[in-house]
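What follows is a set of structures for review.
In the two complexes below, chain A is the common chain; its partner is chain B in one and chain C in the other.
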Partner chain A sequence: MSAATGTAPAPRARAAERAQGWALRAPLLPALVFTVVVTQLPFLVTVFYSLQSWNLLRPGSRTFVGPANYLAVFTDAQFLGAASNTVLFTAACVLVSMALGVGLAMLLDRRFPGRGVVRTLLITPFLIIPVATALLWKTTMFDPVFGLVGFVLTPFGLGDVDWVSQYPLVSVVTAMVWQWTPFMMLLVLAGLQSQGRDVIEAGQVDGASRWQMFVGITLPHLRRYIELGVLLGSIYVVNTFDTIYMMTQGGPGTASANLPFYIYQRTFLGFDIGQSAAMGVVVVVGTIIVATLALRLIFRSFMSAQEGIS
Partner chain B sequence: MSATTATRPAARRTDPLLRARRIAGRTGLYAAGLAVFAFSVFPVYWMIATAFKPGGELFAREPTLLPRNPTLDNFDQVVNGNVIPGVDFWQFLVNSLTVTLGSVAVGAVLALLAAIAVARFRFRLRTTLIVTLMVVQMVPVEALIISIFINFRQIQEGTGVELLGTLTGLVLAYSAVSLPITIMMLRGFVAAVPKELEEAAAIDGAGHWTVFWRILMPLVAPGLVAASIFAFITAWNEFIIALTFLGRSSETYTLPLTLSYYFGRYGTDWGSIMAASSLLTVPVMIFFLFVQRRMVSGLTMGAVKG
Partner chain C sequence: MTAEALVKPDAAAPRATRAPAPPTARPRRRGAVGAAALTTATWAIALVFVSPALWLALTAFKQEGDAATDPPKLFFEPTLDQFRTVLASDFLPYLGNSLTATLLSTLLVLLLGVPAAYALSIRPVRRTQDVLFFFISTKMLPVVAVVVPLYVAAARLSMLDNIWTLVVLYTAMNLPIAVWMLRSFFLEVPRSIIEAASMEGAGLPRVLWSVMLPVMAPGVAATALICMIFSWNEFFLAVNLTASQAATVPVFMVGFITSEGLFWAQLAAAATLASLPIVVIGWTAQRQLVRGLSMGAVK
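Take a look at the complex of A and B:
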């Protein structure tokens, strides 16, 4: 390469290089422009809409109102209820499914007969269409009379509980944890399998206990994988719509409505574009804050535990 | 650390109490593992088992593990039952496949080109673009569909191009939704291809297309497969955009939307609901089982090492 460019006169080579650079870039430009237009613009437009009073049912009602929508959103008791439900759903679902996922991945990381089959079976809940997952849990699992959960829990005196209407949050979280555990497991397993055997052997030689090894060696190694799982999990669980829509319709009343469901109601049943857009923006900011905080919180406790050992 | 714990392995081997505790601990661990395994796997089995049960067995006080008289009636009801009058079940399948494959194809081409641009070329606002792509990845679909919905409506009113209630609009919306994450996944793969390799090929007289097809593509292909699987699953499962954009044009409904109609129409006929659920899920399962390793490596490579 240096020989080819070294012999050519410098300015001409640079001009040629630049032309070549543009010839390379030009075909990529439309894709980049399209990507920016379809991914970035809608959000900016949403921000723009959120500053307007605009209801599709009242044509000509569109006016610029500044931050009024945000004030209205934050004093809307239903929105605040939906927001706290969303935080609860997300935190419970991500933490529980991550804990179960880490546990399953640790077990799957050992050798035992039939490991491949077990692994395959464990992934299946993640592959079921979310709408089907919601229906499965709502009908055959949680039905108060003929549901399997009631049948299994009858010996414990919990046979006649109408889970979906009496404990809608628990029911929805259960279905979501069930759906997300395999995803967490797969990510953690990928992390475990990329771990060097020599580190573990060194730990064993040093006489570290299983728990010490887990907290001191495995967990720090898994950190980026767990972070990724928590991050992607939070993003998707915050956005859960189909499970709520199919299982509870946000009910009874608004007891189990989360933000996506509430925004859906306000947008497509109430046609209140301005306020819905403001809610969307709040959700975006909230998601980013919560996801970042959750990551910090989880790892501060683990990292301090690690420092305590070493 | 080694100084304080060096004596412990010996102690552990001899102390019977500690050993008993370890065995108890291990038994507890395996029992817990088994319980979680049952929690994960049994509902899937139950879905499929229920799909084969005739009406009488569905509502038994004592549910049976296996269908006593397995039947295909439920599947027949799904395929030939006309859940939405006037539209064939196969039409929904074709709609779902069209939308899914369409958005995967559009998304793969765009994501690959955009990923190359982001990973390979320095340009003004490059970092800004990468950061905003990551942020957009976090934006809830609900926040985006408001403006996409309105823009589609305005385009429809302005130009007469039908985007709401059509599969074209759905393909566009789905590509837009999965683009940020697929670009981020692919960026890691493109960045991992050594630049020297491309330069060496260029010196050997390879043109840009040859470099692209012969050098870059084979190395990025696993990432492209992973991103496509991701986009496939997103589009195949997608519900809220289909629900809101397709409106009343039932001849364009996708399968998840159809499934929700099953519940509305046959709410108490669990056999049909579970048969429909199994029917929509099992193909995806089989497909995914073949490609799962690639998808995980794609996810972690793009994001963990990117």
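Take a look at the complex of A and C:
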């Protein structure tokens, strides 16, 4: 906020300030221009396409149809199903992996033999290529005959369940939770380790119970890290495509399709450019509404904390 | 149980010096037995959690006959046959494409992101928050919403199945997060260093290169690591915008999608090879990983 200095400066000083302002801004421009060109322009084109009836399989079919595509989107039961699946996947994956992440981080936040090895093991699922994770769960884990999950659950009478076909949503969420739990764990662990010992000792002196201390001291301290994990996790999980593509292909039918997968089907298997563009726009508007609400909350606490560091 | 971990005195050892436990503190040493039990439980939970990955690595060393069995085989005669088969197939071109896309896009992210983050941190640009907000908001833009125009544009420019298309898109994909991370690392550099350098008349490139970068090296490494993970693992754009020439490792894995219990060992070997570069980098740079993931909020 260098320009906002008290009394009105002389004209020459103002011009110099403006020149300096541009010099300060110059390093920012390449990144800004690049981002606008690669992400914002295509989106404007998407909006343009969404107002047209255009199927690549019917050459010459391209006509301007106005909002017709949008009306079709909102009456498309499969689209609505995919939308609710997206919400379900995201909420379930982020919440469960955060809960597990907090638990694992608490276990790791003490010194014990092999702590480094355990942490290294635990972060591995996050590093494995997600398409491989999806295939791993689909085959060696969830296979009804040879799968490890069926083998382990046989004593409980669940040995013959064909998880991916019978419970596609549970299967997909399991693979996603396995992949994202280490991410949450690392963030929470970092939060735990930045916690001041003096506060905890003060709590001990006051005779607070462990549970009281966890709820009253640790959780509030972790709040920023949990919010950050939820935010970043949601950004990536909402866009999950690989897990569904590899595990279920959105099936059976469209039971496990989320929005990215459904729009992909309409675009690259149906070649319905106008329709899928309209869906894309609807998804963006929906995301913006949810994200602005969430982001405003988190952005504030995160930014203020960051400025505090500097 | 877990709360005990927080208040165990020995956990505080590597941190700030602490006063001896005040006499009023409740006696909470349950002795070594409790600690050992908690350690055992931690190990057991960790092993169960990571067992799918261990099983994957194990399966990669099996013959196909040992891979899909009921009950599953834990002991078998290990073999490298599956790795040989994968490497003898057309895996290496995919690996090359992944390396190109990952390294070039990460380099581009740093080239664009470092100056931008500098401008957003060292000397406050007006509307800094708006610009940061804009960057992060582009991450909210679902890729599916822009893939149609990207596909059409790439087709018109004859850039389909071209590795540079992926390089450019991965750069755009990672740039917002990178700017955030890098900015938070820049904020930690003492201003006096920069001011001293500027006073001596060093230009921006020199200030960045010889004054800032040495201080920021760990932060830049953390940022690069995160960018590499996301680029290496990216699948949606790769599968839709490439075919035979520019396809990356995740696309190679699609070939195993229909292996109905027939080629599990080979699948496991391919998955192991495909993941190995990132797994090894992530293991060795855990500290950077944490710093990067927390956007520099964690020292």
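We take it that the second predicted complex is superposed on the first by the 255 of 310 C-alpha atoms of A that agree within 3 Å, B and C clash if a C-alpha of one lies under 4 Å from a C-alpha of the other, contacts with A are read in each partner's own complex, and residues count from 1 in each chain.
FYI, a contact is a pair of C-beta atoms (placed from the backbone, for glycine too) under 8 Å apart; a residue touches a chain by one contact, two chains touch by 3 or more.
This one's a predicted model, so the numbers in the text were calculated from it and none came from an experiment.
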>> Taking chain A as the common reference, can chain B and chain C both be placed on it without clashing, or not? Answer clash or fit.
In response: clash
> Does the superposition put A:V45 against chain B (first), chain C (second), both, or neither?
Replying inline: both
>> With both complexes superposed on chain A, which partner does A:I123 reach: first (chain B), second (chain C), both or neither?
In response: both
>> Quick check for you: in the superposed arrangement, does A:E201 touch first (chain B), second (chain C), both or neither?
In response: second
> A:T35 contacts which: chain B (first), chain C (second), both, neither?
Replying inline: both
>> Applying the document's definition of touch, where does A:F74 land relative to chain B and chain C: first, second, both, or neither?
In response: neither
>> Between chain B and chain C, whom does A:T287 touch in the aligned arrangement: first, second, both, or neither?
In response: both
> More residues of chain A in touch with chain C or with chain B?
Replying inline: C
>> On the A-aligned overlay, A:F64 touches which partner chain: chain B = first, chain C = second, or both, or neither?
In response: neither
> Once the shared chain is lined up, is A:L135 touching chain B (first), chain C (second), both, or neither of them?
Replying inline: both
>> Based on the A-chain superposition described above, do chain B and chain C contact any of the same residues on chain A, and if so which?
In response: 1, 21, 24-25, 27-28, 30-32, 34-35, 38-43, 45-46, 49, 103-104, 107, 118, 120-125, 127-132, 135-137, 139-141, 145-146, 148, 151, 178, 181, 186-187, 189-191, 207, 224-225, 228, 232, 235, 238-239, 241-242, 245-246, 259-260, 263-264, 267-268, 273, 276-277, 279-281, 283-284, 287-288, 291, 309-310
> Which residues of chain B touch chain A in their complex?
Replying inline: 1-2, 5-9, 29-30, 32-33, 36-37, 39-41, 43-44, 46-47, 50, 58-63, 109-114, 116-118, 121, 123, 129, 132-133, 135-151, 172, 175-176, 179-180, 183, 199, 203, 208, 233, 236-237, 239-240, 243-244, 255-256, 259-260, 262-263, 270, 273-274, 276-277, 280-281, 284-285, 288-289, 292, 296-297, 299-300, 303-304
>> Quick check: in the complex, which residue numbers of chain A touch chain B?
In response: 1, 4, 21, 23-25, 27-32, 34-36, 38-43, 45-46, 49, 100, 103-104, 107, 118, 120-125, 127-132, 135-137, 139-141, 145-146, 148, 151, 178, 181-182, 186-187, 189-191, 206-209, 212, 224-225, 228, 232, 235, 238-239, 241-242, 245-246, 259-260, 263-264, 267-268, 273, 276-277, 279-281, 283-284, 287-288, 291, 309-310
> What does chain A use to touch chain C in their complex?
Replying inline: 1-3, 21, 24-28, 30-32, 34-35, 38-43, 45-46, 49, 103-104, 106-114, 118-132, 135-137, 139-141, 143, 145-146, 148, 151, 178, 181, 183, 186-187, 189-198, 200-201, 204-205, 207, 210-211, 213-214, 218, 224-225, 228, 232, 235, 238-239, 241-242, 245-246, 259-260, 263-264, 267-268, 273, 276-277, 279-281, 283-284, 287-288, 291, 295, 299, 302-303, 305-307, 309-310
> In the complex of these two chains, what residues of chain C are touching chain A?
Replying inline: 2-8, 10-16, 18-19, 21-22, 24-26, 35, 38-39, 41-43, 45-47, 49-53, 55-56, 59, 67-72, 112-113, 115-116, 118-121, 123-126, 129, 131-153, 168-169, 171-172, 175-176, 179, 184, 187-188, 204, 229, 232-233, 235-236, 239-240, 249-250, 253-254, 256-257, 259, 261, 264, 267-268, 270-271, 274-275, 278-279, 282-283, 286, 289-290, 293-299
